[in-house]
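First subunit A sits with subunit B, and in the next complex the same chain sits with subunit C.
Entry: the complex of A and B
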């Protein structure tokens, strides 16, 4: 696509065009950014897009659903207990006659909040930690990674359980317990990325023009490590949802009468013979959500890392 | 090699000390004494109770006493059961839990590797898609949900499997499947990836060029190299199966340590929680240690002698 730039000596066979030097550098094709390119690739992955739609639907349902439901999550109707799904109660009712659809919607709110916030906490601690460790290298890296290694040796879920025993049940405590354990993965991944990114030319260029260390880390390195960070976060959300459900199941999650999906499943399980729907709907909600996040995470991994393609 | 083992051993001991200390101080950070929830306990009895469990000692002394106990394999008493120590619980429950764990680990490794190999050999064909789809489902359904669903289907609806208890082989089927679903899925995906990588290597082409039968090429040459990451995964796998067993044992009423652990949590039996946590940690840290050393022996390319930087 080269266009003549300098006015050539006049030749009867060739007439100089109107192109000036300024126009020569113009890019004819619309520019594609990394993100647009990744989005194009993601769009071709039907499973990932379907998962994204499912996640969006669950989010919307979690945000606006409870307000539009004719029941509240703790409204009891003992005459109507353990009723199968019907027009009035889409998912049936539980042993106290509470509307399960409403409770599953509220559960979505709690489980999604836990998933997103816990992974944000992990992001908030893990990304700077990993970036600093990877960028400075040497003794700093050695010490910071030794700490991570020792913490890594701890049995994670045991410590989440232990923390919950100490802190007591409640949404905030679940977030703390999950968040302070999950940042390790993020720190490791970001460190690995930064280790290789810091050798790139643009970092040298930034240094040459006098960018400060912090601006190199936060303006250049972390944005360029965004792909793996996003993938890790997407895969961390189902992990957090699972951990919360697990904690709720053994009675350490979000306190009653609010109920996450895990707590609903745990409540529904004893009544499995009388009212299987009280277990099946929350179970399906957890599984579908986790599946959607896992598929989306896989899709994102493929889309954001073009070099992985073969 | 010897130096590496020694270095790892030191780090194992350090990790265990951190775990023991963390556990101790976490449990002591619980607001209120262990007996503060009891109603109307006369002051004298409370004092006696505190004296029995050394709660009247200053905290440093309690800490040292506790560390000494761990070193001599004594995980302390239980607050709830007067005549059962943590050691008793472990002695009764561990064989059961270990059987369940070993069965689950065996199941996930065998089925996971097979599924991964089949998927890799039929890359981008139906068996591959089926196996990988099943894998995502496998690691999207939490073990406790899987367990309850299996019970609902096979015990209550079809009446083909017993819903609980432990001792006969058919009572092990559902617990093992629910515990191994996730690791099986994980191993299958991992083996598929590494198998594809291995199959693209030059030595596979050499093996084929030599005229070796396909079976030998796949199992002797490709699979052997593709299995190395599975060995690394054995550590986290043990940890996952172990924590999974808490809920699974509770659901299926299996008399293992996991069930006691969950019970001690709802009982707020702090010494029991502490003792079992430390016991579990010792188990896991040793498992990781063994896997690390094993890896060094199995894969001559790993230069463990140089410290291996932990990448």
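Entry: the complex of A and C
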């Protein structure tokens, strides 16, 4: 029975198993979930993984960096103003002699906060709003989507400027301004997903076993729309970061001496001939972060929706 | 010919009635269409289902079979008519009152790839009806019940933590059956339970359904367009055309002595595995498609495709007339002078 067989050429995709025919019926792969499969696919995308690493480094630096810096964000040293990058000041100093590296780290905190908060607002308001609108349909859908369209119609810059005039500049008001508009895209995307998912037979099956409307929305529909939701959240973060940078650049963002990346770029811009690094490093931070989130979002889209790619 | 010796199969009069459907209508308004057309998916249907019997419902695609099933189980609200389930009228019950129905009537769906939530484990899928039931068991007993149900439908309880995509079509349909059985229902409505499966495993699922009926005393309403399957499992068969019932008879009676021209045409389309017989018999080929249910023909709905059409068919809509165990809705059938020799 057990005559030795010549070893077959080894294919890296497949490994020979030590089983007999009797056990063949028992060959099963370990149970995998949707999320494990998606992670396996994401791991094969090098750009997305590199982006994920960059994002994690920026996050860790933003959280623990400022505490380990020998300088503070507002500590001035007028003798050392407009100095180029050196061992003491990695990113150089600005026109008031403040350490740019420390200020960029503080800026990362603000930018990341804005980005994460915008995506959390989208998750908290946009997802249930879109799901309810799509699931109930009819007049409910009509009214809820008209509200979204009205908010879409607001010219963003104009209303932000008006809001800042009324409430005053500051991080809190930037967050309010971003919060008002950033859940709209998410609501639309989730509504579209729910509109198609609610016709699936498993939703009918849930109804026949007596599941409530809320249980159908939160247990059956939203989990199945999780792929597009996560992709949208990931792609929303760089948009929000850029919006905050833009608002700070035109002077409507955080107040001095606090610094966000946009405010730093705004400060560095007049001195572009004397101290180009004061503009270069904040601008590079904005660009790298936005690119990393966009690449990660694209990678996630491919990983979470395997039918789409190729 | 019609008033022949009564057959021995189960008749609703012999047992108590579980479901009684009276002149049931379900219309859908077509939004966005000019003139606001109404789609009459089910348009005045009456029949009964006796306890322990299997009622087959056959008809072409689009004849309202699925709408009828979904209205009876109250996924849809009927436009008119009554549904008596175990003596209670459930045709206009609120969602809250329907909880009672959800414990007693369950459904098996057509597509086993679409009817299981891909993000839930098999254990959670089968546990869902248990967790929603009025007299909810503690978690541990529900686990036991899920294992028992998996064994009942021929699956390994060890696979309860797997996801639907890890199973074959036949296994998935077994999971769907286990979910339907979880609350111990008395009636199961099966909407084309095997039409999405490979031919080789259809028999397994049919046999499983029959075994479960035997051991649990279930009442079945089985929707299908596969006539030989319906003949095999049904006690009585309802033939539908364009939202109406054209014929009801016991399975053996219907297949041996079809009265309605539509039923005759349907039955002539079943291939017979005997070349000698197959060569001799005549096929009645239906011309054209089913007319649109938004604009059904006047009089008899089948007249546009009927080979025996007469002048009277245009004017009056034939009523479903009972001849002993056989009911048929056709002007040409009956004791009157128009009756043709079948």
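FYI, the second predicted complex is superposed on the first by the 281 of 310 C-alpha atoms of A that agree within 3 Å, B and C clash if a C-alpha of one lies under 4 Å from a C-alpha of the other, contacts with A are read in each partner's own complex, and residues count from 1 in each chain.
Please note the rule applied: contacts are C-beta pairs under 8 Å (C-beta built on N, C-alpha and C of every residue); 3 or more make two chains touch, one makes a residue touch a chain.
Here the structure is a predicted model, which is why all the values come from computation and not from measurement.
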Key: Partners on subunit A (subunit B, subunit C) - clash or fit   = fit
Query = subunit A residues in contact: does subunit B have more, or subunit C?
reply = B
Task = Considering only the touch criterion stated at the top, classify A:140 as touching first (subunit B), second (subunit C), both, or neither.
result = neither
Query = Given the touch rule stated above, what does A:157 touch, subunit B (first), subunit C (second), both, or neither?
reply = first
Ask   = First (subunit B), second (subunit C), both or neither: which does A:56 touch?
value = neither
Ask   = Where does A:298 make contact in the superposed view: on subunit B (first), on subunit C (second), on both, or on neither?
value = first
Inquiry  = Under the stated touch criterion, which partner chain does A:223 make contact with: subunit B (first), subunit C (second), both, or neither?
reply    = second
Query = With the two structures placed on a shared chain A, what shortest C-alpha distance in Å links subunit B and subunit C?
reply = 8
Residue ranges of subunit C touching subunit A (in the complex, touch as defined) = 70, 73, 75, 98-99, 102-103, 105-107, 109-111, 114-119, 128-129, 132-133, 161-163, 166, 176, 179, 182-183
Remark   = Interface with subunit B, subunit A side, in the complex: residues 145, 149-150, 153-159, 161-163, 165-166, 238, 242, 245-246, 249-252, 265, 269, 272-273, 276, 279-280, 283, 286-287, 290-291, 294-295, 298
For the subunit A and subunit C complex, residues of the former touching the latter = 31-34, 200-202, 204-211, 215, 220, 223-224, 226
Query = What part of subunit B is in contact with subunit A in the complex they form?
reply = 11, 14-15, 18-19, 22-23, 26-27, 29-30, 136-137, 139-142, 144-145, 148-149, 151-152, 156, 239, 242-243, 246-247, 250-251, 262, 265-266, 268, 273, 277, 280-281, 284-285, 288, 310
